[in-house]
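Order of writing sets the labels: A, B, C and D. Residues in every chain begin at 1.
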Amino acid sequence: MSRGQGPTTTGRAVLFALPAVFPVVAVLGVSLAAAVLQSLGLMPFIGPPSFSVEAWTGNTGELVRATGLSLNIAATATVLSVCIGFLIAAYVLASPRMGWIVGALSAATIPIPHLIGAGAIGLLLSDSGFLERVLGMPAAFPALVGGPWWIAAITEYAWKESAFVALVVLGSIARSVGDLCDAAATLGATARQRVFRVVLPLAMPSLAVSALIVFVYTLGSYEPVWLLGPTSPEPLPVRAVRLFGSVDLTARPEAMASALVSVAVGAGVILIGILVVRRSREFR
Amino acid sequence: MPRLPAPVSPRRRAALYTAASALALLLTSCSGATVGQVKSFESFDEVRAEAEGQTVDLWMYGGDEQGNAYVDDVLAPAAREQGVILRRVPVADTQDAVNRVLSERQAGRDDGSVDLVWVNGANFSTGRQAEVWRCGWTDLLPNMEYTDREDPLILSDFGTPVDGCEAPWHKAQFTFFYDSEAIADPPTSLAGILEWATANPGRFTYPAPPDFTGSVFLREVLLSAAGGADQVPLEYSEEAFDEHAPAALQALSEVAPSLWREGSTYPRDEQALNTLFANDEVDIAMTYGPATLTDLVAAGALPESTKVLTLDEGTVGNASFLAIPANAADAAGAMIVANIALSPEQQAAKADPAIWGQFAVLDTELLTPAQQDQFELLPESPIVPDYAELSRNAHGELAADWVPALSEAWRQDVASDR
Amino acid sequence: MRVIAGLLLVLWIVLPVVPVLLWSVAVQWAAPAVLPPSYSLQSFSALAATDTVRAAGASSLLGVGVATVATPLGYLGALAIQRLPRVPARLVELTLLAPLAIPPFALVMGINVAFLRFYLLPSVGVVLVLAVTALPYTAFMFRSALATYDSRFEEVARSLRNLVANGPPCPGAPARWCNRPGILPRVPGGLGRLHRHAAYRRGAVADASHAAGVRCVGYRE
Amino acid sequence: MSSSLEFIGTSRSFGEATVLHEVSLIVEPSRCVALLGGSGSGKSTLLRIAAGLDDPSSGQVLVDGGDLDGVPSEKRGIALVFQKPLIFPHLNVVDNVAFSARMAGQSRQAARRHAMAYLELVHLADFAGRSAGRLSGGQEQRVALARALARNPRILLLDEPFSSLDSRLRENMYSLVEDIRSELAPTIVLVTHDRREASILADSIAVLDDGRILQHGPVAQLHYQPATLAVNRILGGLNAISGQVDGGIHHSVLGRVRVQPGMVDGPAFLVMRQEAVRILPAGEGTAVGNVAGLKSLGAHTLVRTEVAGNDGLPETLTVEVSGDPGVSVGQMIGLQPVNGSGWAVIR
């Protein structure tokens, strides 16, 4: 690789970086700074600014519970998305005609916004929703929407994000995987072995990266959990948005504290994820 | 090749400085921003002159299709006749509009993008606390003469004195409704509704506060548990809260296991409750806008067996208002619109169930006979009784501070319990 | 077996859309009716309403605006990451990744006041925030696109430039290639990738990846 | 462990285009057959059909007399080495070679032990722990070969495996294949467009052109007794002299040349390899030519001569001479076939 050849090249590279880095730093910096100031009572709507950590310490238990809940939802949704996404990708690679249909349908769901997705899942899974009607309105139909296990919300994430995972995986391995599967077949690998011993390890890097993106996205996403989750307990984004929109003006600092916790957890997960991906690459 | 440490280029340093100074600017002037002096008007003619050609942005809850259609098809053309262009800005929650005004004020902007807001009592009170509303302007409106100056619903909004900071728009009465096919003999009091809910597990629920309708229900339970509307002081105080809230919360906790989904979750808002009602999952529902029921039944969104349930002890009623932010860019135009909205023609049109069905805020005795006829000729709704019947024994709203306090207590004690 | 797996996957993908489609043509549809009792295309007439058209126009404009900003910036960022020495490259990389960690609602809650204070047009503010959230994606897509190019390509470009500098015209290549080695010749590759990305979105992916990978599990069907 | 491989009337078409026309071919156990043809001649398709990676549109593939129809690729016991090495990037060198044993259910340890033997065979034992990305092209191809052999295949198919290697590496690979043949004696089908490679490695060559097998026979037969002009051309023969056969004698500008017995009378081309003609001083030999051009091949030189006989139009005859030909353009020379007889083909 020829990178960093002397000051002129580096200088030009810095110049290239600036237009992208500046808006990111400016937008993130200003918004985070404003959020921190508001959470500490330094930017009140009424009255003089007065420093207070009340928003952070006042209701720590609820903040911790919300964080735990958000992490749980995001983790479950990520695991499901990655597994189903890989299955979709493997199926597209495996079956000529049906695979084409599955791949096209899956890709077609990607432009659907999560909000619409949440509405669709709601119509499907809610009490006396489409699924329950199709099943003949059984009395034992479980509480999927607004139930204690967040099933509808997690299903929505898995539905939308598995298509994303499949897209990323297909994009990254489609070019090489056919030939390698040919090689594996002539070396005695059965269809199953080709999927799990060749396609899966090849897809591993893109699976890891997409898992990271899905996790962080679901952690900070608001609409599906708000629309499809129960009233209580609240995940971080729902708590933040509710407090932000509260008629009680003094709730704003707490809203900002919740948002900042969400940001910190997301940043932490990305950092850990990058380290893990790096490390595992080195070990190979 | 060894990697060289990157020299910090001058440009990069400049970028850092720019970012830092931008932040500094934000920090130094972040609070106590004062909005420039509000221009006041001496007469309505002055308002008219100023308003000519202005474009008024009316921010209002966008989830009521009939309301949207009324503003677009009836109110806006009338405004255009008087030289004002009316633009409707739909928001998901009225608080969004108030937040926008608050943020603009925080940023020191006096060319605000919100000219007129359809507010409810809680938002109005929030704005009053933060002093974001323009005040003392409603007396200028010629059409205020058709309103009863002594009407308590118009004098104070959720316990907050109106003080000419908002113009009345229409009246609303909190109303329960039920499925007459499922319930032959409906309860006639709030306590009766809770008893009925306990006796019919899973067939009743209410929207989760802080939803507007859910909050009203909470307050009604509070008044009922206290033994009547006159037992609870309108003014909020911690003592009053501690005295009266526990009984209400206990009543709600007790009925919770008998609610839809055993009270483990609640519908998000009035629409969600209506969906449950339409899908025959619950048999009683509620609304602060009974006017919409006629259309919902006619359109088939609610079953034809829907009937309004009036309570012996009466329900809470209020007036809703149009408020103008102090920093509104087109305040004069907004006043013109508020005045048109108060005219007997507009009030009568709006009261037509086919158009919106909202109850007028005018005192019919102050109208000319011709104007009275406009109201007399309104078709009757097959579902909703007239305002006089709905508002029998009605009581006023508690002060706005009760709202967040009750919601929070409900969230802690009732919602998290299960 | 494979057919069953395929049907299950199709069901997974399509089922949530079914009630939406049915509702869009239903007049009324209360439980327990499995299908709407009557159908109408009336709701689609709302598509022609001026509000809908205006909203669609605004959305498209916004999308175009964000793409116009985020694509070249992402490209430049990717280029910088490739060329900077290790440590600053890491820093740029992390910075461009950072918006991923920040949920949009948190971003907007904080920045709203600042935008108002700086008298930024609301549309410009929205484009800016969305472009920032899109940057991680564009930058890293271009990065992987650039990574597939051999660095030899750059050397060829450089020697071509030397040729130009020393007098003889650039042989056989359009002059613009010589003047800006390393930039223009690559753009088509990056754009190609973008187009492919767009094609994926339209569902063409299945076709393309298929030709390459069909054989993986079954050679006959 | 070697098996015979037989194609019977194997055809393959993709939509309108027919790539293989009823190909029939027998490969005896432990023999090496080269499929020689240009690009697009269908030779790779034939290998893919044998390996089970593609299905014939019609016809059969038999191994030891048993029909392979419906037998999936992984059960055929046929290994294929591709043009690209296709090393699994997620496995290191030894695990690549151990892949087939692992797929067959052996323990990691046993599979690696087994693999090491094959890495030694290709002289890469020292690279066992290396990651796949850090090999040279030649090393990668040797790993691919070891990986295929480690499967203990009944039949080994080689699809232009050496075409991307430089000539020295290629020579090494040739001797490696020789070693493997003498040690393991697998049945080999080699696809190549390089007639030299085919001649060096194979016992017999099948010439494939436009989806048809034109001729299959021992190396020498293909060179000196081609069935058609096309075979002659594909094997590098430069000379085809038009003329008439009459009573076993071909008449042309070269004069009278005895051809193979059984040749029917009538118009025919005399094919005569450029190596099989000798240059003599003018006035000697069976024909007279005028040197029209010289082309150096390094140690050899091609001398293009124009021959004008008593009857018929002038013909071009190319002669390959080792070393300095000692002639110059425009010079008149004598020409003579090395062994008095020639080979005639009708088309």
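In this section, a contact is a pair of C-beta atoms (placed from the backbone, for glycine too) under 8 Å apart; a residue touches a chain by one contact, two chains touch by 3 or more.
Since the structure is predicted, the reported quantities are computational estimates derived from the model, not experimental observations.
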>> Between subunit A and subunit B, how many steps is the shortest route if every step has to go to a touching chain?
In response: 1
> Which of the two pairs, A-D or A-C, is linked by more C-beta contacts?
Replying inline: A-C
> Roughly how far is subunit B from subunit D, going centre to centre by Cα mean, in whole Å?
Replying inline: 87
> In angstrom, rounded to a whole number, how far apart do the mean CA points of subunit A and subunit D lie?
Replying inline: 56
> If you average the CA atoms of subunit C and of subunit D, how many Å lie between those two points?
Replying inline: 49
> Distance-wise, how many Å sit between the C-alpha centres of subunit A and subunit C, to the nearest whole number?
Replying inline: 17
> Which parts of subunit D, given as residue numbers and ranges, touch two or more other chains?
Replying inline: 52-53, 72-73
> What parts of subunit A, by residue number, touch at least two of the other chains?
Replying inline: 2-4, 10, 14, 21, 25, 30, 33-34, 43, 128, 179, 182, 185, 191, 198, 244
>> Quick check: what residues of subunit C touch more than one other chain, meaning two or more?
In response: 31-32, 84-86, 88, 113-114, 215, 219
>> Under the stated contact criterion, what part of subunit D meets subunit A in this complex?
In response: 51-53, 72-75, 78-80, 82, 84, 86, 88-91, 99-100, 102-104, 131, 147-148, 151, 157
>> Under the stated contact criterion, what part of subunit B meets subunit A in this complex?
In response: 1, 3-4, 6-7, 9, 11-12, 15, 18-19, 22-23, 26-27, 30-32, 93, 95-96, 98-99, 102, 105-106, 122-123, 125-126, 129-131, 208, 210, 261, 264-266, 268, 276, 279-281, 400, 403-404, 411, 415-416, 418
> Okay, in this complex, where on subunit A does subunit D touch?
Replying inline: 176, 179-180, 182-191, 193, 197-198, 201-202, 204, 284
> In their complex, what parts of subunit C are in touch with subunit A?
Replying inline: 2-3, 5-6, 9-10, 12-20, 22-23, 31-34, 72-74, 76-77, 79-86, 88-89, 92, 95-111, 113-114, 128-129, 131-132, 135, 139, 151, 154-155, 196-197, 200-219, 221
>> For the complex, give me every residue of subunit C touching subunit B.
In response: 27-28, 30-32, 84-88, 112-119, 122
